[in-house]
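Look for chain A in each of the two complexes below; its partner is chain B in the first and chain C in the second.
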Partner chain A sequence: MIDGPDLAGSDTLGDGDCVTLIFPARGDLVVLARLVASAISTRVGFDIEELEDLRLAVGELCLLALQGSDARHGDLRLEFTVSPASLDIACTLAGAAPARGAPNADGPAADELSEQILAALVDEHGRERQDGLVRAWLRKRRKGPLA
Partner chain B sequence: MEQEFRIEERVEGAIPVITVIGEVDVATAPQLRESLHAVIARGESTIVLDLLAVTFLDSTALGVLVGALKRCRELGGELHVVVDDARIRKIFEITGLHKVFPLAHALAEVGAQ
Partner chain C sequence: MTARGHDAPAHLPAATDESPERPSLSDAARDAMITDNLGLAHQLARRFLHRGEPLEDLVQVASVALVKSVDRFDPERGVDFAAFATRTIIGELKRHFRDKGWAVRASRRVQELYLELGHATSTLVQQLGRSPTVAELAQMTGSSEEAVLEAIEAGQGYRAASIDASENEDDPLSARMGERDARFDAVEERALLAPALARLPAREQAILRMRFVQGLTQSEIAVSIGVSQMHVSRLLAASLQELRQHIGSDSDDEPAD
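Moving on, here comes the complex of A and B:
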């Protein structure tokens, strides 16, 4: 038997744990953010309804970060941070140029719908532009004791 | 990782029925937009959109549906959305779009099968 590092750990995430996910800013990869959000939600003790809410919310967070940018050459960076009181998720778009041309006029402004969805599903959310980067974030409070 | 996504189209009586299967998000919503636009471009103004097999829907998809609804109504028709999953209906409700779309729980409610 060969002894290796103990990577099994526990199946929970605790106070101060931070998970970072970086991927090319492509729509077909936003599913990665949803998958990671699902896995982390389970590990911080959210129930199935909260998990589904976060899966949707994280997708909207990515969409908000992508709004108004030509993201073809950018990366989306997501940080999931666990604290005793909440799970905080921040999504930053880096390396993208402002979009040219008019936004898609198919329906209501896409960011308006995203904002409505986030307002209904999470406790706090926001979006800011800093040094050319778009950063969208959300906070989902934890009901129970620490995982 | 890849989720199955498929769009099927058929005609029930005189009404086109578009059935969507899988996750409708920023990656797949453009395909749905193309399907809806193609049907409307043929002169159809009333469409049944079957979302019974949809497992995920985001704001991009909602934007496509609102755009198609506007086009249908401009032509004097309607876009009937059939959705039964509580999680999917919840997205219509939290955006207030359940008041805008005629939502049905089953195809039979809109004269389709």
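Moving on, here comes the complex of A and C:
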């Protein structure tokens, strides 16, 4: 499900525009997050290299949000928010319970790698826990004024 | 909560700064650092798959970048080596694509793929007898499904511009599309009228021309053809009635040719 402005009828996204993407938390559907990230990056005015950075980064964001959770019945919710200075993306896992027992085999090491990749690709990023679930976010600064 | 800020992550200034005062590692320590982090280089290389470069090449680029990281790393700067190496390796992988002109090819590749998809779709429709799936298009064009979706999305961008979209608010595209030209109606009517007119006797045709083409009055026509004005009036009325009947029956029927 995609809520937000009509992308087909507009060439740009401006200050305060917010696009929300919600999809079942499955690895094969992370492609949706990358495609939406591409579409929004283009409309925000990022160049092709920044666009590729964001495509990589949004995948890592999804991985981070999934860490430590039983995502079998959950949905990933991504919010893309445009401000004059940056594009902010937040990812949360909704409707999933925290994982029981042993942590995911990809656990801490995978977390660390994703964080390191984000550090190399975006200007700011972070993670916070809400009710036992992770909210991961990133910020990519825009070079120029609003398109 | 954790949050990290970086001033210029894409340019990786720290990774390119050589510090002459950096303490040198022993060969054994250096080899150990490289060996211990080869897995990291491999993992990062995998993140750049599906861009037209074989994994082995990407692993090679990442491994060379890892060696550079080890040689440039300065523990006294207080930076974690894995973080430093990750930034260096990603920077080198990005530079690898950039040096190969990938940034230019990326957009061209999408456009070319979009065109290629058009041909592939036609071919597959003929072969399969139905519209192909994205998976089938991906297989035929040798692309990933994501690349196909991306090309389709990009294709919509330059194919489906809104009729109200415009570079200039004062000059929307719709304002440049024109309106129905009344002369088209006249041409259409003339095309209908001509065969009906041809069915009338020569004198009635002449009267109609004088009245409606030359603009003569009924009295002037009467003088011209040597009859009374009342007779011209009756002839005009009868001719127009006949024309209406012919045109009505023609337009009710399917065109003969």
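What we mean here is this: the second predicted complex is superposed on the first by the 129 of 147 C-alpha atoms of A that agree within 3 Å, B and C clash if a C-alpha of one lies under 4 Å from a C-alpha of the other, contacts with A are read in each partner's own complex, and residues count from 1 in each chain.
Following the convention adopted for this analysis, a residue touches a chain if its C-beta (ideal position, glycine included) is under 8 Å from a C-beta of that chain, and two chains touch if they have at least 3 such contacts.
Note that the structure is a prediction, hence the values are computed from the model and not measured.
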Overlay on chain A: chain C relative to chain B, clash or fit: clash
Dominant contact partner of chain A by residue count, chain C or chain B: C
First, second, both or neither for A:A85, with chain B first and chain C second: neither
Which superposed partner A:L63 touches (first chain B, second chain C, both, neither): first
First (chain B), second (chain C), both or neither touched by A:E128: second
Which superposed partner A:G27 touches (first chain B, second chain C, both, neither): first
Touched partner set for A:C18, first chain B, second chain C, both or neither: neither
Colliding region between chain B and chain C, picked from 40-48, 112-120 or 202-210 after the shared-chain fit: 40-48
Doubly contacted residues of chain A, that is, touched by chain B and again by chain C: 31, 34-35, 52, 56, 59, 113, 116-117, 120-121
Chain A residues within the chain B interface of the complex: 26-28, 30-32, 34-35, 52, 55-56, 59-60, 62-63, 66, 104, 106-108, 110, 113-114, 116-117, 120-121
Interface residues, chain B side, partner chain A - complex: 1, 3, 23, 25-27, 33, 56, 58-60, 62-67, 70, 87, 91, 94-96
Chain A contact footprint on chain C (complex, rising order): 1-7, 9-10, 12, 40, 43-44, 47-48, 82-83, 86-87, 90-91, 94, 98, 103, 106-107, 145-146, 149-150, 153, 156-157, 160, 162, 164-165
Contact footprint of chain C on chain A as seen in their complex: 8-11, 31, 34-35, 38-39, 42, 47-50, 52-53, 56, 59, 112-113, 115-129
